[in-house]
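Listed after this line are the structures, all set down as structure tokens.
The following pair of complexes shares a single chain, chain A, combined with chain B in the former and chain C in the latter.
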Partner chain A sequence: MTVGAGIGYALLALGPSLSLFISVISKKPFLILTLLSSTLVWLMSLIVMSALWRAFLPLKTAAWWPYTILILTSVGFQEGLRILFWKVYKKLEDILDAFADRVSKPRLFMTDKMQIALAGGLGHGVAHAVFFCLGLLTPAFGPATYYVEKCSKIPFFLVSAIIALAFSTIHTFSMVIAFSGYEEGNKVDKCFAPVVHLIAAMLQGRIQNRNCRDWLTFHFLIPQAVPDPPKETLTNLAFGGCMIGIPLLYCVAIVTLVHCGKMAWRRLIESRSREGNLSNSQ
Partner chain B sequence: MDDSKLFVFLLCLFAQFCISFSASDQVNSFQSVPDLEKSMYMAIDGYPCVRLLNLSGEIGCSNPGRANIVAPVTRFKTANKLAEPSALLVSIDQFEDLFARLSDDADFSRHVVGVLVESGSQLPNGLKGFSPDKKFPQAEFAPYQSGKFEWNPTGSGLMWRAYNFPVFLLSNSSTLALQEIALRNEKREKSYTVDVADFDLVMQTTKSGTRDSETCLREQTCLPLGGYSVWSALPPIVVSSSKKVKPMILTVASMDAASFFRDKSVGADSPISGLISLLAVVDALSRVDGLGDLDKQLVFAVFTGEAWGYLGSRRFLLELDQHSDAVSGLDLALIETVLEIGSVGKGFAQDDKTFFAHSTKESATNGTLSALKDALGSLKTKSIKISRASKSNPGLPPSSLMSFLKKNPETSGVVLEDFDATFTNKFYHSHLDDLSANINSSAIVAAASVVARSLYILASDKKEINNSVLNTININASLVKELLGCLLSCEPGLSCELVNRYIAPSASCPSHYVGVVLGEPSSQPYPGNVGDVPRFLWNFLADKTAIPSKNTSSACPKGCSGNGEMCVKAETDGKGVCVISSTRYVPAYSTRLKYESETWEVLPHNSSDTMGAADPVWTESNWDTIRLRVYTVQDTRFDSWILLLGVTVTVLSYIIIVISKAFITKALKRD
Partner chain C sequence: MDSNRKPKSVLDSVGEEIVRIITPVSICMLLVVILVSVLNNDSDSSGSSFPSIATYAYTENSSDSNWDKLKGALLNALVFVVVVTAVTFLLVLLFYFRCTKFLKYYMGFSSFLVLGFMGGEISLFLIGKFRVPIDCVTFGLSLFNFTVVGVLAVFMSKTAIIITQGYLVVIGVLVAYWFTLLPEWTTWVLLVAMALYDLAAVLLPGGPLRLLVELAISRDEDIPALVYEARPVINPDSVPRGAVVQRRVWRETRDNDLGSDENLDSTSNLNSTVNSGLESNSGLERLGDENERNGVDVEDGQVSRADSELAAPLIQHRINVRMNLQEGGSNDDFALEGIGLGSSGAIKLGLGDFIFYSVLVARAAMYDFMTVYACYLAIIAGLGITLMLLAFYQKALPALPVSVLLGVLFYLLTRLLLETFVVQCSMNLLMF
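Entry: the complex of A and B
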């Protein structure tokens, strides 16, 4: 491959995130701050996870249950962090609303709240794409290409980029769903993010089909990249590989997108009609 | 919302179901990004053919410019028509056909940009011989008219031509890998990926445009071929003595081989079998008492650079003329006769071992020949035969004796070889002249036994030969076997016990290519500038011919201060021993070169040096790295598609987001 292909892969993985950044987030400084802080929080969660699990790795067993525990704990940890993020956001929202009242400016609109959630999700998505795809992309700028045995039709870097794209989509929009779920107390929305996260994690492990052990050591013991929680490692299945895995992953991403769209539309219509009633009643 | 919930739960179940199927396959696993790079680029171990220059031009192989050559790997089939620049994978029995085709077919040779030569543990069927050297090697140095006589009829002369593409010899394991890759390339006809070989054989003389020895030595883009020869006297010559200096009998062998591929110059039969024979002779004679009382002095010399214009022997004779330090104690006038041990490893026909004595003028060599006969008789065995070489031979075979003869046509000299009119070694000067099938250790032992006893007989001159002493001169066959393993194979190679007793070798696989002269040539060179094999020979010969020093508590190398003392085994963990020995290095390089103020200069032709007139003055180009690797490459169309895809996805997502934003704003009539 060449520089052109390398740039192509990078754009494939991060292009939509970049578009989202330019069109929505870059317009408001607060959103940029939210994005940066959520990226930082995600990174720190990785570091903490790897520090906790370093003592147990490399896992020398071929049994699947330690890996399941690994995935469950790390997904659980990240979801727990999401709830923490939500609580901090709530406090911030109260502060901002109080400030707005003081200077007689309008409070946070529904769209603003959703944009903040979007920025948070985008932060997670960008961090994931950068560390899982861009970190590996340096060899893609050289002359050679690489094919993994189980997925011999598509170059390894292309698979990596496609997965990163799917994941950034999932991260971005599931954050919106999660925030709305916490706010409204909707059970489905609240569970949506963790479940989707878990499924996507296992699917990625299946697509990339790497030996669990080596993937773990790769991500936990290399000094230069931030270690990733082991959620991406589970199932190395004999059938399918990337031919089934990638479409499934994109199904999950589309489900997330559609669900988020439907939920956002519903809430916006509701809030507009509420405000309409308010103004009518005044 | 219910249907999406349902969908999510279904997926969850499916995923749970999948967990129970987890199995960890051993797939391409890597630990880090550098590991990923390593698995993308497969490094191939191969032996290159490098660029050598002489006074009129170049030979050998090199990349045609500064850049690496990258080309898809295909197999060579004689009816091949190449559509694009390719790297050909060829087996050794097709090697000569390929090069014949390259010189005849211009269209074909335009598309060949690299050659990879297979190697296997067994010779391919139908390969009776392979020799890239000429049919009369070094004919220009012969002291007679060479005419059309062919000492080496299997010779193709390929190693003496210039090629502007890289040629590599693959190791056994790399051969299998590349055969697989070539097969894969053949199978995928219309695919958008192809496996390519990346050759890095960029030579400095190509980069700087210096195309012959004189310019490249001046620009310092090359170094002259040469090394260090070793000579030793048994018993040691004590220079400052009241005794009259004895006439000398010089026994000679050479230690360097050549081949198409620089680092695979094994030379098992030619000439290492002769070298091992000489070492066994020294070992046997060192155990004989009373050598010092004999009439003549025995001197042993091992020359290097003989394959590249008899560099070692010519330089040795020049130093003798100049009475330099390197040859102190020796005198050319006192050298009565020369006995050279040439290729003796194939001296067997069924159960008999037959050797041929090629001699200079008959009148001069009667003494040596009768000594050989007497020695043979004393061995009391019918299985060894020594005959005189056929009279239809035009003269001596290519050997170091040619230098002596050119210097003094009256020299008395005999070369002991295992052939008469044509080489029995069908793999002369090729990488296939190795231990596996080409030589026989019992032949070497036989030759050494005859030579050892003949030397004793010659040294005793006309005195009554003490038969009891003669019969104790026996060759140590296990030493010969050990030397074969140490000098001619990679297992154990130079890490064998025998070699490690004397030196700390820098590599395990021995290579008998002469190499280049590093630093300033001198009789006491810096050990780092001397190759492993010469250092081993120096230490071995010094140890075998030594008289123990009186100062036994001395620690080498600082403590050897006595007259004629030197430090043996200095590299082995500081366990050096001081001994009295006459063993010295003699620099071996062309007599047409002079080292002055850190550069090499080509001297004008000296009329008294007839061999120097014919000397091409070989030099070897410098290089940065030599590397061969294989990787998969995508079509450029595919790369452009990927770039287009990435840009499209970005632009499309931007458009969608803008539209959705506009839609939402319009629908809410605010923000």
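Entry: the complex of A and C
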């Protein structure tokens, strides 16, 4: 709507990522490089997906299954890339450990490894926010605003900023969970990231669809007091669309955060007690 | 936390030089993108193209067909590359006849022109756009002061390094902005042509830049050039003797790279580091074995310092430079130092690279911001790849080709494929 509003939307989507960057990542140059490379990897995955789907776009149908297939393929591809990222990270870890031995510094600590995973996840989150929110923000700097019919009570830019914030949180912390899961072989952690990603993406996709929304309205929500209005915009107001999807998305984001916090705490306590045992036994 | 008692991890210092060169490149690109989005609010058609050597053969008209535009752009780029080659050979000739002083003074004069006139015009645009109430006398005086300090900072090395770096970035921003006033097709074809020219001029045996490098090596001299020099990484826990923190100076290795090319009105901007071209031990003074850290040698060598390289070129239209990685590690550290992860080298990047990267990103900004992000990532990736190749091959390498070609590729992919996809998904609020 104005330059101020545009900057506001940008900060809404990227604020926590920016503070994470300034406090944790900017202090170690290697983490900055990790962030840049994971952003690049995410961008390349997006380009590959767009190349695949270019022929089918624009999707004009109101049926839900093309969207589902789109989401499934995209999420699957990105999760596959995460595993590739992990393999590259293992090689890098070996190189760094060899370098540390050579300059007689200690090898990578567990906190270092988690920081690298955090930087990788933050790269994905920032890439999501940049391409799905900031890239579309150019009209927001002008004098008007824009509404989409799927969510017509709040401006589109605000919706995309809010969704981008949730997704960047999910991406950032699920990478930490995934890396620690691969390292320890913990099945729950290993499957956590893909499952959460898929749920979050589907939440956005399915809830938008009117059939699904009507089903939810009928079965779960308070029966509507007004007769079913012909316009979608009125239905969006109370019974669905982004009004359901976004709070659920934030629930998923909070679950990710809590799980990551618990896992990190557990590992820190374990490693501290292991160090304590080592020093005691010496 | 017991972080004070914990020894410093290796993660604290790895990759620092690379980040020290990526930061000014990013700042330069950001400033040019901001300038372009603020000042060029009209469409990116060639409404305001200015006559220059780059539009000599063909001036783009928005009503021409795509094929005509492409042909015209190719002609323009060809003329440009030919002129640049000619001027580079002229520079080699001048250097061969030892007219170094002349080159230096010409470069100082060029930077005066860039900062004074180009900077002045852009300030006038900004003043007009934002309606800043300022009178001519104040404006003239501050511009003059700014310019003179800039020339001194770039010309002499006695100023604080941050001022020199700042002025170099400003010069890069100003010249890159002027390049964006060229018509669209011409700009893109010109970028690709310059990348290919850079590749040829540095790697082919008869290339002018390679001749320049070899001349400089054989004479053990510095080429007057505009070079951005990142601050070297000082490792505080590597000083075993006393309280004197030695500033690590780079050891001359066999690497040397330069890039230069110039243009009619301006002198070339070269960046060079003289290298001995010999084994690491020759020509260096070792500070005694007690100074060595395990595995990494601290050596003081003669370095082609910024003071001798401060001939500032007038970068009117192009510059082409190369990167130079100086490594300080010992030979068997090469595998790691080579990746640019060594802690004793500093990286120099010529100003021409700054300028062309920024031109690419600014042109992408004239289309949309999504292309800007994609091209930025591509350029940084290209820079990283070039650094690694440099460490691997240990010889002069051009910094333009990989980044520019990746940038152009990503621009095309984003514009044609990604944008529709992302806009479609976002409009349906389908995010993943």
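Quick note on the criterion: the second predicted complex is superposed on the first by the 230 of 282 C-alpha atoms of A that agree within 3 Å, B and C clash if a C-alpha of one lies under 4 Å from a C-alpha of the other, contacts with A are read in each partner's own complex, and residues count from 1 in each chain.
We take it that contacts are C-beta pairs under 8 Å (C-beta built on N, C-alpha and C of every residue); 3 or more make two chains touch, one makes a residue touch a chain.
Predicted model, so just to flag it, every value in this text is computed and none were measured.
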Which superposed partner A:Ser74 touches (first chain B, second chain C, both, neither): second
First, second, both or neither for A:Gly8, with chain B first and chain C second: first
Touched partner set for A:Thr145, first chain B, second chain C, both or neither: first
Partner chain in contact with A:Arg267 - chain B first, chain C second, else both or neither: neither
Partner chain(s) touched by A:Phe132 [first = chain B, second = chain C, both, neither]: second
Chain B versus chain C as contact partner of A:Arg82, first or second or both or neither: neither
Partner chain in contact with A:His124 - chain B first, chain C second, else both or neither: neither
Which of chain B and chain C A:Phe109 touches, first, second, both or neither: both
Contacts on chain A seen with chain B and repeated with chain C across the two complexes: 67, 109, 112, 135-136, 138, 148, 150
Footprint of chain A on chain C - complex, ascending: 6-16, 18-20, 22, 293-296, 333, 336, 341, 343, 368-370, 373-374, 377-378, 380-381, 384, 410, 413-414, 417-418, 420-432
Contact set on chain B toward chain A in their complex: 1, 4-5, 7-8, 11-12, 15, 18-33, 36-37, 39-41, 70, 193, 198, 631-634, 636, 638-640, 642-647, 649-651, 653-654, 657-658, 661, 664, 667-668, 670-671
Of all residues in chain A, those that touch chain C in their complex: 27-33, 36-37, 39-40, 43, 46-47, 49-51, 53-54, 57-59, 67, 70-71, 74-75, 78, 95-96, 98-100, 102-109, 112, 115-116, 128, 130-132, 134-138, 148, 150-151, 156, 159-160, 163-164, 167, 197, 200-201, 204-205, 208, 242, 245
Contacting residues of chain A [partner chain B, same complex]: 1-2, 4-5, 7-12, 15-16, 18-20, 22-24, 62, 64, 67-68, 109, 111-112, 135-136, 138-139, 142-150, 155, 158, 161, 165, 188, 192, 195-196, 198-199, 202-203, 206, 209-215, 217-218, 221-222, 224-225, 234-238, 251-252, 255, 258-259, 262, 268, 272
